[in-house]
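In the two assemblies presented below, chain A is common to both, partnered first by chain B and then by chain C.
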Partner chain A sequence: MGWLLPWFVEPTSSGIGFSPQDAVLSAPMGPGAFLLYVLAVTMLLLVLSPLAEIAARITKRPLPLIADRVRLVAAVVGFVLTLVVWFLIRVLNEEPLFGPIDSHTVTDSAVWLTLYGYAIAALVYGARRWVVARGNVAFGAAAIPFGVLLPFMFHQAPDFLLWAASSLAIYMLLALGLNVVVGFAGLLDLGYAAFFAIGAYACASFASPTHHIHLSLWLLIFIGAGVASVFGAILGAPTLRLRGDYLAIVTLGFGEIIPDLATNNVFGLTGGPNGLSSIDQPRYGPVNFGTNPQWFYWSVLAISVIVVIFLRNIERSRVGRAWVALREDEIAAAATGINTTTTKLLAFAMGASVAGVAGAFYGSLVTIVSPDDFSFAVSVAVISMIVLGGIGNIVGVILGSSVLTLSIFWILPHMNEWSMTVSAPGKPLEFLPGLATVNFTQYTYMVYGIALILMMLFRPGGLLPSRARRVELEAGIESESLAAVQGRA
Partner chain B sequence: MSEETGPQGTGGGHEVSAATLAHGVLVVPAGLAPRRVEAGGLAGRVLPPLRGLYRLAARNFPLLLLGAIVLSLLGVFLGWGRSAGGTVLLGEQIRNALVLGAIYALIAIGYTMVYGIIELINFAHGDVFTLSGFYAFLIAGWFGLGGLATGSLGGLLLALLILFPLTMAASGLTGMAIERVAYRRLRDAPRVAPLITAVGVSFLLEGFMLVKFGPDNVTTHNASWISGQAFNVGGVSVGVKDIFIVGTAIVLMFALGAFVRGTRAGKAMRSTAQDRQAALLCGININRTISVTFFIGSALAAAAAIIYTINYGVIQWSLGFRFGIIAFTAAVLGGIGNIVGAGIGGFLIGMIYVFGGSLAGGEWSEALIFAVLVLILTFRPVGLFGIDVATRA
Partner chain C sequence: MAILELAGVSKRFGGLLAVSNVSFSIDQGEIISMIGPNGAGKTTAFNCVTGLYPVSAGDVRLDGLSINGLPPHRVTKLGIARTFQNIRLFSYMTAVDNVMVGAHWWMKERVWDGALKTPRARREEREVQAWALDLLAQLELANYAGSYARELPYGLQRRLEIARALATQPRLLLLDEPAAGLNAREKNDLMALIARLRSEGLTIFLIEHDMRVVMEISDRIVVLDYGEKIAEGVPTEVRTNRRVIEAYLGSGASQEMHTT
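Let's look at the complex of A and B:
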């Protein structure tokens, strides 16, 4: 349903939210209005259908089979009509219904997202059996076009491009890496930002005027990964004997020490509180990462895909199974011949190396790294993404990082504009003048906090729980209560 | 947990392993056997006598603390650590360390009580501390305590008598609410689950304070309440404020000790910490006992916040995060779960903070504390002295 949001929140040059009901009220009678009514009906149908599904589940009366067919038709019709409307506005410069639209608005993104929403609806309702049976493939089919096309959707908003899309990709990479440590091996790491910092500083040192070294970014991602993984193993070593919560606190301690070291300009390498600046950005003829930051986005996305393939394979390999065994019962794992030391260190090193890659890209993207970029908030953000999406499930982690970064970097900032627009005098919410002064981006911390609390309380497996974790959670409750009966808890 | 065992496996296997090992059922690979504290090595030879010493010290802790203060003051008076410039550096640092240590100790007790009773690192505790600072700020504003306190001595006492109980009660209720909402449901879940909600609560509180009170320092106006110099020892000026701060902390710790040792609720707390199931079988209301623990811990954090604002006069939304970790380090240093240990640990951390900062440079203080945290947790997770269950909470 997120794809509907832009219709309501995007302010246009006329100052009013671009909302269907306004359009309907001011619409002249005629073919244009008819288009809009049909569009509104399809939208309403698709938005309300999850409610119908919930109702059907509660009353235990399944929806008739024709329902899927109806919704498929609605999705296809909606898709086509959106294209038509967009064509009328953009190409023919007709503005039959919507009032003036100037090029500074991001209405195109609304169109893109609406098309995407309809396409997803068509996929779900047209091929439901396939979607249910092969969830991950279906997710890939839905997510990859979205991921690849994201910069085009927002081509009118460069700030979004730079921040939201690239942050999304980098945070996704971070979440994938932390998922190795937390999800696969079951070691709660609260200081993951430290490895991100190490990667970023390594990149900054080798590709900036600071030490007069200028290496290519493609070399740097390996350097970042290597340095970070060494640090991962070094910092992981003392924690080998620790239990879950103590381990979390020790990693948190490391996560605080590393930025402190950077702030204090340790060995004169880190540039102190100001950090290292003027980091190189790759440039290959027409492909200039500096002026077209979407290249960063696509590069990180490509790296993410490689990382995902790599991690999926490793998850199913001997090492991956050793991690799972370690997570379930360390003593039993050791008894079956798993070397717990190397297995744990490998998890730390592998998670850290992914963070190092993300750090190298981050440094190159923002061209300046300073200690404040790697605070505890970053670690918590990444953990929130994993917890939200589903600990241990790669697809869930991708979903969680997309949902959270989009809400933090895109929806919250847009809420600011939206609130100002709708509470202006003469606008629908003018009786709430305070709304305009609310700074929604301030709520970032609360969003992370609430996401963590709610997920842990009500859906500890995340939005898309991994199958193993789901079984484990159910079994875990059983054994816990058994322990309670026997007085061991 | 049955007894103090060394670090063991992670996560879910933990309960099972502890129980089976206690009965000697399971054959465990040598490398993984949980180490008892008494196990051989240097630690095994040196620590038992140390622990006896510790018991003695713990019993006479207030006396010892008093002795240490008197001794250090005497030392200052005799001129130890007088630097070339003639300023009495050491004495001033001891004073600062005691003031800082008093605040850390009060916060650390909250961590240690909660850990003692439900084995949860209450990550949100540092932010409860900050929130209490804002409570104190608001309460002082509503009741116009600023004018009252700066008028006369009687007015000051009255203002403090209003401020302390109200703030502590508000903070205590906040702590209870946090436990009720975020931790109670997860009491029997895997250990990491409530830790993650605790991080969530911490961020929620920080976000709330950021939105409500803004990103900058908030001046609390009560730094001027208590002023003046109590006495001057060998050039070190000790303010009334410093004495008030350390005194308040010590009085509160005494009160807590009396409560835990002397009342039914305290007894319930100790027995719940020792064995929750057995306590339940004895008819103790576990939920209420845990709520009371959270109330007391948060109330002490509120007292710490008030004396913090009285000393520094400002508070800021993100203060509690690092302050909380440092106080947690104090609790770990003294042996987590051990109230007296947390008190000692708080003052020790105050010393490390101030002296470490003066030796290595002030910007290294916090990194040093985090290093202490990592070292202690890695090599002696039971704290400096090691504890037995009976002295817990």
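Let's look at the complex of A and C:
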């Protein structure tokens, strides 16, 4: 059972989150562990039961589902039971509850996740109406505590876990920024990685031995945002008259030019193909973020939350309306008194400045920036994230970036170890010996492709479409079925 | 006194002279219609006035000052608003948001006010929204405030476009075929609306094909054919003008009409 619930196994110091070897060889055993397994599975059933409701609605085959109130009680009971079992195993005994259990293999993270799942289930079934009506607030109420508590949940986890979480937050920032340009203002930008690069290089220059300047990260965030937004406006200016495909091609070119300039060590600033290295680890007072990655993670998280709040406010302000008007009909927008030039440039600059912030964090996280980090693949990844999540919807974009970042930077690398372990002789999948030789990390683009194809087939507006997209798609279906009726008549 | 003046305006697209040396003026508080067969250059003339096209020759003057070469949003700020022949609403914005876009240029909120949601921004946003809802109510669109523009019935979309134009607080309203596609009752409502707007001090310049509407509400009519102004005058004059009848019905028609 342990290898099915891998988060029950302690992450190794070298590994990314858990070691599949351990998952199979030393999964926790005994009644105490078994109880925790049962609680975890019950939690999963509770959390995933809305999926069954959705499936029932789509297939129009009603499923007998227990009432919300029963599920709420189950969630609360599960929460309390998990706490009790954990308390008995871990705190009182430091040893197995009813028999052999290796206290090192059942991790706190498993219990944290189970507790968190029960809390979410209680939120959903206890206040379903509120969750449905104020979906975004509910999402924040569920996601922010998880984000803040993550380092505690995985306190035995190696730094790698936080490293991965920080990367996720950086990609989330990128997706949020691109969403301003593509989602709000409707300007297709295929070279968004360029602004990420500009932010990262600008900050690396001011915080590394290369130019003998060492500024604080807090200053660098603003420098990154400022420099990137200036370049955003510079790129925006020549593309003002372009739309759709033509705009995409010019931005694509810009996205190729910037890494090339960096490779050629432009003005001696970028360090050529090797890039800029030994970027300062940010510190705050005595805390060095390099050795305390949870602080790094929390600061990226805090900035992401601030950016989300900013962008949400802007979306609902005068400028946000102007962007949408521009996206819907540029000529009508101009004739209604919107200065299309400044409004477009503002979208480019604002999108770019978010990428600049992400670049500042990226440089200090990996301590080296080189041209390869900002290839076209990055732009594609970020576009896929916002398309998958739901163009124009901030919560959707957060979800899309989380799903894709996790699958590409976390699950795929793990699949290699996992496949090797489970297909070894005597292991559950030994009848598939070829599995061990598959290099899953080569299938990154396949993941993008499959995700996008599945999405276009089943949820063309993205996982969480914006309201406008929803109406648009429904209208499309209506007119299609109307055409079908007329065709038959 | 003339609010808008076209002085020898021409617009050339390559080899095609779409508008040729057209001159006329519109007085404050007037309702003036522009008619002419399809392709006569009426909409092109509108586009020249509102800054969507630069004029090839001549001058467009608002209150005696040239507005040639100004971008459309500057023209809007100077007090000219317009609607479009093929409705150009922001389809996936709600009706009230469409109207609030009209308020864009005179709202004081800056980018940072919006991002930080300052009390000032909130207050203005609330006030403008109430104002927009009020404007919608005046045009009997209040029930549709929260609907997406594209969900509105056709006739109401036309009216919403007028509401959006009015939200820019214009002095001169340009309507491009406002009665197109409306039924008889909607046309009557439209004429009442135009009369009311004029009584509130607005000057109205419209392109229209529906002769009943044109003849009933216009103070004066300008007739274009092949880009040239062929007639101008009060409805009764234009109705009997020989060149106008020829332009609409062919050169034999006017003789026949005069002989019978």
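FYI, the second predicted complex is superposed on the first by the 374 of 489 C-alpha atoms of A that agree within 3 Å, B and C clash if a C-alpha of one lies under 4 Å from a C-alpha of the other, contacts with A are read in each partner's own complex, and residues count from 1 in each chain.
Definition applied: contacts are C-beta pairs under 8 Å (C-beta built on N, C-alpha and C of every residue); 3 or more make two chains touch, one makes a residue touch a chain.
Predicted, not measured: the structure shown is a model, and the values here were computed from it.
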item	value
Which superposed partner A:Leu406 touches (first chain B, second chain C, both, neither)	neither
Which superposed partner A:Arg321 touches (first chain B, second chain C, both, neither)	second
Chain B versus chain C, judged by how many residues of chain A each one touches	B
Chain B versus chain C as contact partner of A:Asn313, first or second or both or neither	second
Contacts of A:Asn264 with chain B and chain C, given as first, second, both or neither	first
Chain B versus chain C as contact partner of A:Ala334, first or second or both or neither	both
Partner chain(s) touched by A:Leu346 [first = chain B, second = chain C, both, neither]	second
Partner chain(s) touched by A:Val380 [first = chain B, second = chain C, both, neither]	first
Touching partner for A:Tyr445 - first (chain B), second (chain C), both, neither	first
Shared chain A surface residues [contacts with chain B and with chain C]	328-329, 331-332, 334-335, 340, 472
Contacting residues of chain C [partner chain A, same complex]	50, 52, 71-73, 76-77, 81-82, 84, 88-93, 97, 100-102, 104-107, 109, 111, 113-117, 121, 125, 148, 150-151, 164-165, 167-168
Chain C-facing residues of chain A, complex	310, 313-314, 316-322, 324-325, 328-329, 331-341, 346, 468-469, 471-472, 475
Footprint of chain B on chain A - complex, ascending	186-188, 190, 238-239, 241-250, 252-254, 256-257, 260-261, 263-264, 326-332, 334-335, 340, 376-377, 380, 383-384, 387, 439, 442-453, 456-457, 460, 472, 476-477, 479-481, 483-484, 486-489
Residue ranges of chain B touching chain A (in the complex, touch as defined)	6-19, 26-29, 31-32, 119-121, 181-182, 185-186, 188-197, 199-208, 210-211, 275-278, 321-322, 325, 328, 332, 361, 363-364, 366-367, 370-371, 373-374, 377-378, 381
